[in-house]
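Before anything else, here is the set of structures, which you'll find just below.
Across the two complexes that follow, chain A remains constant while its partner is chain B and subsequently chain C.
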Partner chain A sequence: MAAEKAEMDKLKKECDALRTQIEAARKAVNDGSMSASAGGVAGLGRIQLKLRKNLKGHLAKIYAMHWSADSRQMVSASQDGKLLIWDTFTGNKLVAVPLKSAWVMSVAFAPSGNLVASGGLDNICTVYNIKAASPKTLRELDAHTGYLSCCRFLSDTEILTASGDTTCCLWDLETGKQKTVFTNHIGDCMSLALSPDMNTFISGACDSLAKLWDLREGACKQTFSGHTSDINAIAFFQNGHAIITGSDDCSCKMYDLRSDQEVITYQDPSLNAGVTSVALSNSGRLIFAGYDDFNCHIWDSLKGEKIGVLSGHDNRVSCTGVPNDGMGVCTGSWDSFLKLWN
Partner chain B sequence: MAEAQRRREGEEWEEQGGAEETEAPKEEAPKEAPKEAPKEAPKEELKEAQKEAQKEAQKEAPKEEAQKEAPKEELKEAPKEELKEAPKEEAQKEAQKEAQKEAPKEELKEELKEAPKEELKEAPKEELKEAQTEAPQTPTRPLLATRSTSSADPDDDSPNMIVYRKIEDIVTRIQDETEGVPIRTVKSFMTKIPSVVTGEECEGTDIVQWLMKNLSMDDPAEAMHIGSLIAAQGYFFPISDHVLCLKDDGTFYRFQAPYFWPSNCWEPENTDYAIYLCKRTMQNKTRLELADYEAENLARLQRAFARKWEFIYMQAEAQVKIDRKKDKTERKILDSQERAFWDVHRPVPGCVNTTEMDIRKCRRMKNPHRVKKSVYGLAEEGTQSHSPVHTPSHHSRKGTREDVEKEILFLNTQLDRHCMKMSKVAESLISYTEQYMEYDPFMTSPEPSNPWTSDDPTFWDLEASKEPSQQRVKKWAFSLEEALKDPAGHELFLKFLESEFSSENLRFWLAVQDLKRVPQQEVAQRAQDIWAEFLAEGAPSSINLDSHSYERASHNLKDPGRYCYEDAQDHIYKLMKSDSYTRFLRSNVYQDLLMARKKPETEQGRRTSLEKFTRSVGKSLTGKRLTGLMQSS
Partner chain C sequence: MTSNSNLSSMRRTVEQLKLEASVERIKVSQAAAELQQYCLQNAGKDALLVGVPTGSNPFREPRSCAVV
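Coming up: the complex of A and B.
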């Protein structure tokens, strides 16, 4: 017994030693802050965006939205028990999908545009075919033991989900079965994002960590710490080498995958509300972050400065998204409206 | 809908476990757990009680859904003596804690899935929590400490608390005798509106003026905005309106008692609300008449708590009795403060409910021990007690030897990982954003126009047409990835390679990409086809693989999956990048297309070439010009 304990202690010491070494190694490469390096970059001044569309239709809090790959259609989910698919340009509602469970937390559009998925407190990710005459449930992916916080399609045949049961999961839509379960987080997974090359994905969780996973190996490759509270939102920087996180600790952070550490923190003493969602403009220069204070704030990703705000919602901004063509940004709110700005 | 509503609220009430259960299934308590020691609520008893409750519930509930409506706990008859408004004795709280610990977990898990049914527009918060109460893991229900009656904990730095502290500071200063607003007793139409120690009131304009002066604001609109935000949280309220906002006029406002401040983390249950509305109907006062929405709420609650209404009624009566004992003027003030409290937690339809929480977070509250339970000192704890703690079970995964060894492995990998220097990272990020500036509609106006700005979808029509724009073609030169990402890009690339009779690499790469997307049942066949076409001996489109990748591929093929050609694909990608891609960029097909748009829009063409030039020479020039572009858009 004592021998076992001694061994465990030795192993734990080894862990600690490794951590210290890693810390030192990270410090060694930290030869200058991002914002300092960006000193030479031309400033953007104050960004003022105009409200272009106000989409009305939902009757209760909007919890999630996702752009279609065509940059024109968009799906939104509300706790009124409906998914609405919009033609954002005309403002028309194209399809309404009634949900079995109204407690929806996440929604996703397949790249093909044929399918949408949603899930929430029912722990199930339901996939719908929206090209049918009337929306048809294609699959009910039921294996998570916690709420479904986020889902993203890889294609019409595979989907990734993140859950409050601390795991992420890759499903095969043909069989409706789990293909890979990604376990490593020790807190509810709140959000996930696919890499541009679709070989890896990142997840943010309530354990305040962001993790990079390899889809092929099914393992966690890197972990990023620094936040002091739940990470609610996560996104890839377009180059695929950096990630942006948004947290309840009222800050956003950028981490670089190649330097394996935090690059810059986006925070402001006047901002005392948690971040609910993040999205980037196509060059990655602008970060749109939705907050609990009913606003969406705009950050200069390189300089770390707050350079704009989108005000207009009457309740917290719960979701933010920029379409593939980057023409604007959409914010969804608990006030039941979706707003488009550019 | 009403049926489901009622059922669900009935469930919810059940789950709260009606305390003074006069109709408690007494006969189901074979093992006489002594009433004075409710701590030892035996498991069997709970289960029995639940079964009974289930039976009862099923009598009501129609068949549709199989519901397991076992209440989470069933408390023993708590002594019925005086109900105080203030929190009750420790013993009872302890008892409830213990009782909840015993509640069987499996049923709860089931319930979780069943519980959240159809949505109501005004789902009060606890219904949300009902739906998501249990942590599926092995919970050791942590002890609940005492409630604090004081205001914000100075050490608590959760966002809400920071804001509450700021507000409370302001509100205290407003009420200050010397520095604050003038407080008065005003003779109104019928009665004197009292302002004694517990309730101070003043006019709206006074508050606005004070805010402007003391918070250095020039604009009264700003003062009204901040004032309304503070009012929405419930720190002061108009004495004759349910809508919590600040107006710059003679409307009278009163300040909320610290007891009701949001910083005390109130989470009042529907039972409390029911008692409140009920007692208001008992007191024959015009000022206490229910508003329409309140009457509707009351009716809804009556249906939901149909079986327990007698209990609620009794509680309400008891409250009325207590209230009567108080001084008349004091009573008026307390009534208004109580009403304001409920205006925060059960707002008028159309008002934002400032107490709403994200349902994903409901389960885990930062300060569970500080959550106020019942406003009227009801014994039953409802969901609060067993809900919300941050279950340490997640963290307490036993650090087995294996786990630690895994961790060491992980850390070693991390240590060995080559780390890029921060300066290089910064450089690469900066250059990326600059390169893509012109492709970012927020930075550079798209041509001919941004559809949302101009309401003209021409841009999209052009993109969808067969001819890619010059801008798009230019992007293909940024990286192989970009060329491959764009269908028009890899199509042209393929065309070029076919003209050189060297298209097998790209075709292989595309085939492997495709393999990752096909339905699972086709994977095996596809993998075989790829092998036959590109890798087998004498294959028609034989590709040049290094021995390692070749061996891996052939090995993987024994059990073909979507990723069996990963290594091969990576190798081919590198080959293309260093060889055929660069040739493609120099090729006539590409260059022609790149220059193709030059003819009608020579201006743009020139500008684009100039941009390319300046980018390679100096970044600052571009920056300046683009800033100019942005300001004009």
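Coming up: the complex of A and C.
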């Protein structure tokens, strides 16, 4: 008993010392702020995008959407128990996938365009082949002990999931089995994003931390703190060197991976709503953040200024996405509509 | 038994912190400069920044009539 308590105390001291060491190391490289060095960059003025399409079809709250790699098709998920695949150029619905469980929280399009995946309060990630004559369930990935909050395909044979059970998981779609389980968060994982080079991914959780993971090693490489509430959304900056997070604390933050710290916070005293989703324009200069206040606000990522707003939804904006070709931005809402803007 | 799992959990935390402490960090000024450079270099290709020409907007309803 005494020996164990002594070791516990020794380990606690070691933890504290390491945390202090990390903070000191971060401070040592903190020789200037992002917004200060962006002083020399020309401002963008007000960004005004027009509503180009209002996609009607879902009968209940939309919880998630994901663009296809072709920048034309898009999949959306609603608690009306359906996934809808849209041709965004025409506004037509191409495929409707009925779900076993209506409590869907996440949806993903495979890069090939052949598969989509969804999951939610059923704790299962279901993968569908949408190229078959009618959508066919390919796999039911059932091992998480908590809700499925996010899923992303690496290819037609591998998918990453994030769960309310605090873990993320890499699955092999050929066997339907877990390849790697990523454990380190102490709160529900809410969101994940793959790095452009597909070697790492980032996760945001209810423990208010964002973590960077090595996909093949299975290890957490870096942890980013600063938010004071759940991180609901996370995205990679295009060059893979920075990440953007959105949180219930009503702010978004950019963390630089190579200096291992927060470099800018996007917040406004007039904005008192949680951030549900984030997406970046192709140059990384614009951040589109969906909020509980029914709007998607646009931020200048370098200067930290709010420079625009996409208004029109009649309820919370739950999901936001920019296609690979960067030609527009899609917002999905609890009002059951998806809107396309550019 | 609980104390054993607390101990092993604590040991794991220490190992994790050691891993995170060993990361090589670059200066924030350098990181900021490179992010800026990326944004500015790619600004011209960012349709949401520069705008989409009316004729070639994939999401926009075509205005012209087609000869059937």
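One rule holds for everything that comes next: the second predicted complex is superposed on the first by the 342 of 342 C-alpha atoms of A that agree within 3 Å, B and C clash if a C-alpha of one lies under 4 Å from a C-alpha of the other, contacts with A are read in each partner's own complex, and residues count from 1 in each chain.
The rule is short, and it goes like this: contacts are C-beta pairs under 8 Å (C-beta built on N, C-alpha and C of every residue); 3 or more make two chains touch, one makes a residue touch a chain.
Keep in mind that what you see is a predicted model, and the values were worked out from it rather than measured.
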Looking at the superposed three-chain arrangement on chain A, would you call chain B and chain C a clash or a fit?
clash
Going by the contact rule set out at the top, does A:292 touch chain B (first), chain C (second), both, or neither?
first
Partner chain in contact with A:194 - chain B first, chain C second, else both or neither:
neither
Between chain B (first) and chain C (second), which does A:309 come into contact with in this model arrangement: first, second, both, or neither?
neither
Taking the superposition as given, does A:147 touch the first partner, chain B, the second, chain C, both, or neither?
first
Touching A:32 in the superposition: chain B (first), chain C (second), both, neither?
both
Quick check on the superposed pair: does A:103 touch chain B, chain C, both, or neither? Answer first, second, both or neither.
first
Which superposed partner A:69 touches (first chain B, second chain C, both, neither)
neither
Max touched-residue count on chain A (chain B vs chain C) belongs to chain B
Pick one for A:157: touches chain B only (first), chain C only (second), both, or neither.
first
Would you indicate which of the stretches 187-195, 349-357 or 421-429 belonging to chain B has clashing C-alpha atoms with chain C?
421-429
Chain B/chain C common contact set on chain A:
4, 7-8, 11-12, 14-15, 18-19, 21-22, 25-26, 29-34, 37-38, 41, 44, 47, 49, 52-53, 72, 89, 220, 222, 237-239, 241-242, 256, 258-261, 263, 281-286, 301-302, 325-328, 340, 342
Which residues of chain A touch chain B in their complex?
4, 7-8, 11-12, 14-15, 18-19, 21-22, 25-26, 29-34, 37-38, 40-42, 44-45, 47, 49-50, 52-53, 59-60, 71-72, 79-81, 89, 101-103, 105, 121-123, 145-147, 149, 154-157, 164-166, 172, 174-175, 186-188, 190, 196-198, 206-207, 216, 220, 222, 230, 237-239, 241-242, 248, 250, 256, 258-261, 263, 272-274, 276, 281-286, 292, 301-302, 314-315, 325-328, 334-335, 340, 342
Chain A residues touching chain C in their complex are 1, 4, 7-8, 11-12, 14-15, 18-19, 21-22, 25-26, 28-34, 37-38, 41, 44, 47, 49, 52-53, 72, 88-89, 184, 219-223, 237-239, 241-242, 256, 258-261, 263, 281-286, 301-302, 322, 325-329, 340, 342
Which chain C residues qualify as touching chain A in the complex?
3-4, 6-7, 10-11, 13-14, 16-21, 23, 25-36, 38-43, 45-49, 52, 57-60
Considering only the defined contacts, which chain B positions touch chain A in the complex?
109, 112-113, 116-119, 121, 123, 128, 131-132, 136, 159, 162-163, 352, 356, 358-361, 363-364, 394-395, 397, 399, 401, 404-405, 407-408, 410-412, 414-415, 417-430, 432-437, 439-443, 446, 450-453, 457, 459-460, 463, 481, 485, 516-521, 563, 566, 619-620, 623-624, 626-627, 630-631
